[in-house]
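There are structures below to look over.
Below are two complexes that have chain A in common, paired first with chain B and then with chain C.
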Partner chain A sequence: MIDTPAQPTAQAGAATDPGRTSRRRRRRPTKITEQVPRHLRAHLTAYLMITPMVVLLGIFVIWPLVYAFYLSFFEMSFYKDAEFVGFDFYKYVLTDPEFYESLLVGLKLALMVVPTILVLALLLASFLATLSKRMAAFMKTTVYVPAVVSSVVAAIIFVFIYQDEGFANWFIGLFGQGPLAWLNTASTALPAVAVPAIWLGFGVSTLIMLAGILDIPESYFESARLDGANFWQRTRYITIPSLRNVILFLLVSGLTLTIQEFQLPLVMTNGGPVNATNTPNLYIFNSFRDATPYATSYSLTAALLLFLVIGTISLVIFRVVSSEKSSDA
Partner chain B sequence: MRQRRLRIVAATAVAALIALAGCSSNNGNSGGSGGSGGPAEITFWQSQFEPYQQKWFKTYVDKFNASQTDVKVKYQVVPGDTWQQKLKAAQAAGTQPDVATTNYGGIPAGVANGQFAELDKLLPGKAWSDIKSNVGGFVQVDGKHYAYPMLVEPSTVLYYRTDLVKAAGLDPNAPPKTWDELLTWAEKLTKGKVKGMSIASVATDLGWSSWGLQYNACGHLPINDDWSAANAKDPCYTKLFEFYQTLFQKGWIPQQPKVGYPDATPYGQGQVAMMANGSWAVGQLKQTFPAMIKNTAVAPFPSVDGDPSKPTATLGGWTLTVDAKSKHKEAAAKFIEYLLAGDPAIMADFFRQSGFSKYTVRTSVDQALAGDPAATADPFMKIISDKVVATGKAEPAYPFDISLAFATAIESVMKGKSDIPTATQKASDAIDRVIKQQRLKGTAPKG
Partner chain C sequence: MNRSWYAPRRLLSYLLVAGIAVTALFPLAWMAISGFKGQDEVLRSPFQFFPDVWRIDNYRLILADPAFVRAMVITFVGAVIFTVASLVVNSMAAYAFARLDFAGKRLWWLVCITPMFVPAMAILLTSFVVVSKLGMLDTLAVLIIPGVAASAQMFFLRQFYLNMPAAVEEAALIDGATRWQIFLQIFVPQSLGPFVVVGIASFLGYWNSYVWPVLVVSNPDLTQIMQYLATFRSARGNEWGMLMAGSTLAALPTILLVLIFQRYIVNGVRLAGLK
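And now, the complex of A and B:
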């Protein structure tokens, strides 16, 4: 790809002085690279540049994944020969109600977190886009702060917030409610975990959304204003359609990351009460607890099935919300 | 252009080499040696316990290393919550420790997996004959020893505040004998911000801390003796479920416990008037909350029907095992012999450090402590030893998945997510699934 612009120039040179070029061609021995088809030669540099990444991906992602699938057909022991068991572990995972419960918990958490983040980020980014440069810089930094906080630290902070004498109970106490055992009641535990997940995630989403908004030509908004469109109309008919790809990216990445949420429920609830916050990754982590070969193979297979589930969800989203080039591209 | 391509090719080659170097296997340190003629170097992983234990282990590892030149022990403390993950990663890489702390319940499964070396021939006969008869079976599978025991500690003891008990009009010299009496005490002792008692309320803690009470309620665990089928729907468990349910739903125990069952902090800080906890809590109270000791009494945990001869606790505890793949099994056994099976003064020092919150497994260590006034004058030791340890049962050897299934049923009932029949049915199905999938039928340890 990088070589492509150079080639027409060379060809143009050849056209101006055909004799010189043909003499040079006759003297020069044929190189191996010239035996390669022209279209491949043209992209050689590009292929070479992506080679390190492909090699690294192959070694650290593709091969382990293939090998993991291979191993999932065995009951593995580090002390005895592995026993071939075929699809047994797939059957065990797929007939375990807790696996489906954990997937449901992951989906519920994603449904609480991702749409909330998208709406909050859109509103905040629209607001930031109207601010002066200095004020916007200050606000952007402020909004981004949660993103640099470790999720373990955030989890611990929120555990304190939800304590019997914590901020959450003080707050609902102002309205004559509570106190609630936020993290130890099945109905409130998952929303209580979703709050720090939203707090941690909306900063990055806001900045990405803001970058998308700043990329929309100002003339669109000016025309709309001249036509008398209000803020909601401009958002509905200009901002959101122009941010289609940004929203798609945030939706897919948000869903896949939130379904895989691990640290927050681990620290805040350890999956409880009664598995109410047992996300798929936490379920897999906990199934790794026993020292038996069964536990090792089971958690490996569950992880592979989770990979397939999340891959499928991402594919469905891409099919439903197809990405398109933005209108002014 | 040519030079540029060469540079790119060179960069690619370097990147690939770095990647391959990153993949190169670590030859590991398991059974490593300090070089030809040097001491045999062995690694020892200790699961992280109370701080005084780390100090005791470190002291005696250093003394062992200084006392001889044949064996050098590399000592490492591993947090309990990452133990399995770290151990499995090390086993996969061939860098597992030569010697590791293993709990009694983990021995049969480890032996079935071929993980532990047989120790009968590696330790002298007198080391085995010194072990008390009620503990000897804990470290044997099919008559062979695969671990050397260190201590036992009962999982459930009742601690109560004598001052608060008196203030509530109750007699501190007549602690509750039945679960119903305990519920009455919990109700009367719940005042303001002080809850009546603390006890496990999440499945991962209930899984092991309720074993003794499961035995107490039904005389068996929720699985048949030969591990052929679940036995979780036995109606005798109803009282157990109702006991936990009442404590939680009446608000007599903390609704959002800040720490896990083994941690005595809420009791030490005066947030609860009674505490169900293991004997190890004595050590924590003595060391971290010494002011609480004068107002604390211990008693066996009440029985479902007041019968004091029924078990209320399991005897957990720790051992040292030698890895089956260790290249220096003799050296590893030599270290275990020094630390756990040799001079009784070493283990006597351990029990002294623990504030006599754990119990000996060797006759010679009992004799070493018999002359120690601190041990004989301890207000808690005799009660726990005579009334709790004496009736304690061995920890079950089945996979924790079974304990967790039953504990999840208890938690469901406590927190109003299921009624008792639904919860026990679900637990029964889960246990049967574990039996089938992990092929447990007929694999229960004999005796």
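And now, the complex of A and C:
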């Protein structure tokens, strides 16, 4: 009975800090009188339960990561043994204009995609919150459907839409514009890649935003309405401030995810025209495939540098989000 | 909010609902419709939305391609095995981290949660080296096994298990149940909701994956569906009707999955604690 977990409240509170729970539990007096020490059995069970997870992650994530760091200090060659070169490759990457150029492309893409998704999701979620239950259920499913479509299928659909005689040119033709060679013009290619990224991403953000709006006490809106506040005023003074953390989470996670986007440009443009859609990960991925040993070490190092930045950012978001959850509990 | 609604306002909201739904689903509808068009009308000036005659030739042709059918079947089989394996591995670890106390728990927790912050690209090349050293290239196993353990899913399930009341578990322990029995007979049956959420995520992750299969599989018998589509696009890129029909069929299982489990998915956003 004693090795049962602590009270649910303590558990929820410790959601982000497993060590805390365990220490607290261990301090309790043990009253077990059975012959086989139960805590030993629990240890064994616990190890059996986490073994598959630990082994798989060890082989397929941790080891490749360690190995990648190790390799980044060597220059590999087909003809001689790998040679230790220290931080040389880090220097190459950090002084390579093409790497910065690709970072800029990733940043531009993120700046097109993420704010658009946020505004769209806020408007849609505000609207969905006003609908009847059945209508809202229908709409929630509708906005979620694009999110499950694969990047490859989305890329193919949009390449089709951007064809000379495709939907996009017909559409701008209605306003007397075009036709444009969307994916073959340096200035339109990146926005053209941003559109499917927005289409794939807005659904989940809308649902998260909606969950946040539904958590705002209805009385806030009621009194605002009684005071004659219109939709924009309610959004500006109630919805946005109440959703501050949700918006921050969506903003930062959206930026880190979008900077890493590469499947859409890979299928749609393969980085062209003149590198206009060459996002950092696409640049790295294409260097991987360029099978020279130098390119391999180089791109490996670039991927690690990107990981250090993005991993740190996601760790910070994760910490912020988790700590809020535990303070709510 | 909808208490004092009168007709015009209601009509406006219905129009808005219809408009949003049409816009959001347009690319998918456009893909499916284009699949019904003949080769000479699929991209034609002047532009037209619907085919002159709805023909199923493209769908029939792509389904007559054994490589397409094989890709659909093998990807589906792989996705099902992948999903089940993920649920087993991740839920066991989630239970242990949520409900059991053991030596070195903090260290093992770090080992299991750190991968959440490692982007696939950082380890893509070395993962490839690892699986080729293990002799796994060109097997179904290399498509399935490396992704089975997923930190984010384990974390999600653990959050759920942390919030389960302790009373039933305590009673079962007094009755002499083992931890395995408690996990299998009390926790798993109550996990339907979260299992559906992470199960769908696993299925989608496998079904939609493209880059990993391209790297590790060259045997045509193991070609995954997204690989097939991307290859079709680069090899026969101007056969848009057939490509659209194939893409429609390839997107169908994922969309059906959402429709079947819509209730769970929408609640899943709340379950995730992302409020």
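Everything that follows uses one rule, which is that the second predicted complex is superposed on the first by the 238 of 329 C-alpha atoms of A that agree within 3 Å, B and C clash if a C-alpha of one lies under 4 Å from a C-alpha of the other, contacts with A are read in each partner's own complex, and residues count from 1 in each chain.
We adopt the following convention: a residue touches a chain if its C-beta (ideal position, glycine included) is under 8 Å from a C-beta of that chain, and two chains touch if they have at least 3 such contacts.
From a predicted model like this one, the values you see are computed outputs, not experimental measurements.
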Partner chain in contact with A:Phe231 - chain B first, chain C second, else both or neither: neither
Contacts of A:Pro64 with chain B and chain C, given as first, second, both or neither: second
First (chain B), second (chain C), both or neither touched by A:Ala186: first
Which superposed partner A:Phe87 touches (first chain B, second chain C, both, neither): neither
First (chain B), second (chain C), both or neither touched by A:Thr292: first
First, second, both or neither for A:Tyr100, with chain B first and chain C second: neither
Which superposed partner A:Asn275 touches (first chain B, second chain C, both, neither): first
Chain A residues touched - chain C or chain B, whichever exceeds: C
Touching partner for A:Thr45 - first (chain B), second (chain C), both, neither: both
First (chain B), second (chain C), both or neither touched by A:Leu56: both
Residues of chain A at both interfaces, chain B in one complex, chain C in the other: 6, 45, 49, 52, 56, 59-60, 163-164, 285, 288, 296
In the complex, chain A residues that touch chain B: 6, 44-45, 48-49, 51-52, 55-56, 59-60, 77-80, 92, 95-96, 162-164, 181-186, 270, 272-275, 285, 288-296
Residue numbers on chain A that touch chain C, as the complex places them: 1, 3-8, 11-12, 14-15, 18-19, 21-22, 25-26, 39, 41-43, 45-47, 49-50, 52-54, 56-65, 67-68, 71, 124, 127, 129-132, 135, 137-146, 148-154, 156-161, 163-167, 170, 173, 196, 199, 203-204, 207-208, 210-212, 215, 218, 221, 246, 249, 260, 262-263, 266-267, 281, 284-285, 288, 296, 299-300, 303-304, 306-307, 310-311, 314-315, 318, 321, 325
Contact footprint of chain A on chain B as seen in their complex: 1, 4-5, 8-9, 11-12, 15-16, 19-20, 23, 84-85, 87-88, 91-92, 96, 106, 109-110, 113-115, 201-204, 254-258, 324-325, 399-401, 408, 411-412, 415, 417, 433, 437-438
Touching residues (chain side chain C, partner chain A) in the complex: 1-2, 13, 16-17, 20-21, 24-25, 27-28, 30-31, 34, 43-45, 47, 88-90, 92-93, 95-103, 105-106, 108-109, 111-112, 114-119, 121-127, 129-131, 145-149, 151, 154, 159, 162-166, 169-170, 173-174, 178-180, 183, 204, 207-208, 210-211, 226, 229-230, 233, 240, 243-244, 247, 250-251, 254-255, 257-259, 262, 265-266, 269-270, 273-275
